[in-house]
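So, here come the structures, one by one.
Both complexes shown next keep subunit A, but they swap its partner, so subunit B is in the first and subunit C is in the second.
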Partner chain A sequence: MRIAIKMAFKNLIGAGLRTWLNVSVLAFCFIIIVFYNGFLNGWQEQGRLDAKNWEYGNGQLFHADFDPYDVFTIKNSHGTLSEAESENLTPVLIQQATVYPNGRMNPTIIKGIPLDQDVINLPINLLTKSDANLPVLIGERMAQSINVGKGDNILLRWRDRNGTYDATNITIAEIFDSNVTTIYNGQIWMPIEILRQMTRLTNEATMYIANEQYQPSQVDGWEFHNLTELLKDFDSAVQAERIGSMIVYSILLALGLLAVFDTQVLSIFRRQREIGTYIALGMTRQQVMKIFTIEGGMYSVFAGVVGLIIGAPLFYYTSSQGINIGRSIEGMGVHLSDIIYPIYGATLIIGTFFVLVFSATLVSFIPARKISTLNPVNALKGKVQ
Partner chain B sequence: MKYLITLLFTLLTITQINAQDATAILNKVDDNINSNTSITKSDMIIYGRRNQRTVTSVGYSEGKNKSFSEYLAPARERGTKMLKLEDNLWIYSPSTDRTIQLSGHMLKQSLMGSDLSYEDMMENRKLTEMYDAKVIGEETIDERKTWILQLNAKVDDATYDSRKVWIDTERYVPLREELFAKSGQLLKRTELKDVKRIDGRWYPTKMNYKDMLKDGKGTDFVVLEIEFDVEIPAYIFSKGALKR
Partner chain C sequence: MSEKIISTENLVKRYPEGEGWFTALNNISLTFEKGEFAGVVGPSGSGKTTLLNIIGSLDTPTEGSATVMGKKISDLSHTQAAQLRNLNIGFIFQVYNLLPVYTVFENVEFALILQNRSASERKKKVMQALEWVGLENMANKRPSKLSGGEGQRVAIARAMVKEPELVLADEPTANLDATNAHAIIQTMKNLNKELNTTFLFSTHDEKVMQYLNRLVHLEDGEVAEDEIIKQTENKIV
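Moving on, here comes the complex of A and B:
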């Protein structure tokens, strides 16, 4: 085996440009696969962390009738927990409303949360600094979409618990920014006590956000959803992206492996005298096959090394500085930062390397099988078989 | 059109301060406007920011709780039918050949893009059951002398906390109505014009319905033809009529 590796190495180095062309193609595949998977890993990690910090806390307790994906459920999904049941939970009351910025009608969701909450990063406490009669907090992108700025007054219309309309001016006291689209898209945040007074839903909440000390227990009329459940859709979106990107990798890898396959076919055709000499010197056909197979596999080893040499600075730079993807794809309903910091774990790099070595070895073995049928005398003579 | 006229006129009977006056006025309005049945052909003119569109429909109604409408134009809406029975509302769409029942939040949606919501058509209760009323003054609108009636909710679940209605003192026809939020914010205004004598009744043939919080000119309803107290086959007010 050692001799086979030594000979394969020498043969590859001796082949010069042909070797390095194959290695370049495979190294390119290696870098792309590692880079894009690292990007997805970074996106998923950041997305999960942002969602936890900005929206989900350590899980959420929903009113049994509340479905966050069904706006029709909002109206009647509210209830009250006892003091003991609501320990380590932060209430959020959700109601539907309409805002009229500059005479335009915009359906919106109003959410109330305690001013002193610290379970999520929402800067609701900033409203305490406002002198406005009814200060509210909105997201930066919500502000852009309805074309309002800090200090603007807009008319809000809503219904109380009995369905009676009410309307008043609210003041955009603060505008915040976040990577989590689901906490600002079409939403207005205000102190929960004010929203309860406005809607006459005293002490009621649509859901509660759990802190780290919360121990889930059975509460009648309420359903607890842990982080894994809440992040299921996001994880599925990332997984779907991974599957989609695998198609691209496969095409790219197939092109690289095709180059290795072609090289192997040509080698076996052109190096028949060499093969005959190996057999004449006492090597079995299997041993010769092994040399050629290892040669093919060694392309991928070289590609891994070259890929790491070229890719390491790129991986290091992108993981430390991040990749600025801007806000071009905001509003897609997934948590996405402006800057993604890819995560290149050892598992990813080593795993990709082994996939490359395995597939290159496999495509080298297929043409090398022909050696087992070669007539050594004819091979020595260099006759085409 | 018929829904709104009904909404405005049939439900008015009031008690409390100036109760006798208000009740008498509203009863006369009721007598003048309402009929057992009616068939109305009308245009609904919806004003957008840059353009306007007209939806023509024919409506059949019996009392306050039964009504059926069929949209005749434009081509996109043609064949759409709507049936209201008590508190239920069904819509048939010919493009999908499906009948759906509107409920809950769907009722808050705009009717064909107008300033009117489906819910605005669904109010069945009498105003006297929901509001206390009094005459608070007089005013002249389009050279017609009117009484101004102030209606304040006496139940918790009234959609609007208060209303103001301007009633023609001679013809007993409302010429304007304003709907208010609990805060006193004016939410909607209805203006009724072109009052004509039809079959012995004074009847407004043009109405503008406007969401006062929105920019724009609101939605116009124009009565093209109307017949009172005509016999309407019972099948019209059945779900089967939607697909006919």
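Moving on, here comes the complex of A and C:
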């Protein structure tokens, strides 16, 4: 094996430009695969962290009737926990409402949370500084979508627990920014006590957000969802993206491997005399086949090394400085930071390297099999068709 | 009594040609003994190379038998045939067939690597083989930097470095000028005398023939004449 590796190495180095062209194509594939997977890893890691810090805390306790995907469940999904049951939990009351910015009607969700909460990053405490009669907090992108700014007054209409409509002017006291779309999309945040008064839902909440100390226990009429459950959709979205991107990798890799395959097929024709000479000197056909297969696999080893040398500065720069993707993908409905910091783990790099080596070795083996049936006399004469 | 190294009995080799068969060798019965410096001569297409290929275990007979160093060629598996070539047979080709990415040293060393010889032994033997052919100063050159004569001498060194019992040389001087051809054959003749290696040539080159001790004339795949030559002196033309 050592001899075969040594010979394959020499043959590849000796082949000069042909080798480096193949290596370049494979190295490009390697860099793209590592880069994009690193990007997805970074996105997933950041997305999970952002979702935890901005929305989910250490898990959420939902009222049994509350379904976050069904707005029609909101109206009757509220209840009260005892003081003991609500230890380490922050209440959130959710109600449907309508705002009329500039006379246009916008259905919205109104959420109340204690002003002194610190379980999520939502800067609700900023409202304490406001002198407005009914100060509220909205997300920057929500403000853009309904075209309002800080200090603007807009009409809010809601229904209380008896179904009676009521309306008042609210003041956009503060605007916050977050990467977590589900914390601001179509939502208005206000102090929970005010919302409870507006809706006459005294001491009630739709859900509770758990802090780090919370120990889940069975509470009648409520269901606890841990972070894994809450992030299931996000993880699925990333997974779907991964699968989608695999199609792109496969095409890229197929192009790179096609170059290796093509080179190997040509090699067997171009190097017939060499093959014949190996056999005449005492090598078995299987040994020669092994050399050609290793040569193909070695393209990918070179590609991995070249890819790492060229890609290392790129990987380092992007992982430390991040990639600014702006807000162009906001509509995806998943948590996506403006700046993504890719994560290039050893598993990703080594895994990609082995996939590359395995596939290149495999596509080299296919044409190399021809050597096992090759007539050495014809090979020496260069007559193999 | 001399040791029999090659024997063929009623050897026939046919190749498919169109709808029928082409007979390249027909009923060849020959014996070569150790230390012979012999040649199979004849015009192109007479079957010289085919005979050498069968003796070299690169090909197999269609009928009859060929026995080389006690081994019947048609009975050998691919691996056994490779082992026979590796340990006992050296090849010299018309177009040298040097491996272009290796240096002269590495080309010669290759035969010993296949025999799993140690690095120190390889180095010693390669330098010795290069000395035999007068190329000890060109060990680090690539084949592309060598002249035709030098290239063929490297091929001889590669064939001889493992000190095989039999060397098969297929038209070794076909691509060389007269001076180089004589020098090459003289080198081989010297090695034949020094190491008692059996040389079997396939040639139609008069320059080679004058050095040979035995000429087997092939015509249309059949032995036309088997001529033993008593040589007293070789002329350099």
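FYI, the second predicted complex is superposed on the first by the 383 of 385 C-alpha atoms of A that agree within 3 Å, B and C clash if a C-alpha of one lies under 4 Å from a C-alpha of the other, contacts with A are read in each partner's own complex, and residues count from 1 in each chain.
We take it that contacts are C-beta pairs under 8 Å (C-beta built on N, C-alpha and C of every residue); 3 or more make two chains touch, one makes a residue touch a chain.
Owing to the predicted nature of the structure, the values given are computational and were not obtained by experimental measurement.
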{"item": "Clash or fit, subunit B versus subunit C on superposed subunit A", "value": "fit"}
{"item": "Which of subunit B and subunit C A:Arg285 touches, first, second, both or neither", "value": "second"}
{"item": "Partner chain in contact with A:Val71 - subunit B first, subunit C second, else both or neither", "value": "first"}
{"item": "Which of subunit B and subunit C A:Gly103 touches, first, second, both or neither", "value": "first"}
{"item": "First (subunit B), second (subunit C), both or neither touched by A:Ala167", "value": "first"}
{"item": "Partner chain(s) touched by A:Arg157 [first = subunit B, second = subunit C, both, neither]", "value": "first"}
{"item": "Subunit B versus subunit C as contact partner of A:Gly276, first or second or both or neither", "value": "second"}
{"item": "Shortest span in Å between Cα atoms of subunit B and of subunit C, once chain A is used as the common reference", "value": "74"}
{"item": "Touching both subunit C and subunit B, counted on subunit A across the two superposed complexes", "value": "none"}
{"item": "Touching residues on subunit B, where the partner in the complex is subunit A", "value": "104-106, 153, 156-161, 179, 181-183, 185, 187, 211, 213-216"}
{"item": "Residue ranges of subunit A touching subunit C (in the complex, touch as defined)", "value": "3, 10-11, 13-15, 273-274, 276-277, 279-287, 375-377, 380"}
{"item": "Subunit A - residues contacting subunit B, complex", "value": "71-72, 74-75, 96, 98, 100, 102-105, 155, 157, 160, 162-168"}
{"item": "Interfacial residue positions of subunit C with respect to subunit A in the complex", "value": "53, 56, 58-59, 78-79, 82-83, 85-87, 91, 93, 95, 97, 99-102, 106, 110-111, 113-115, 158"}
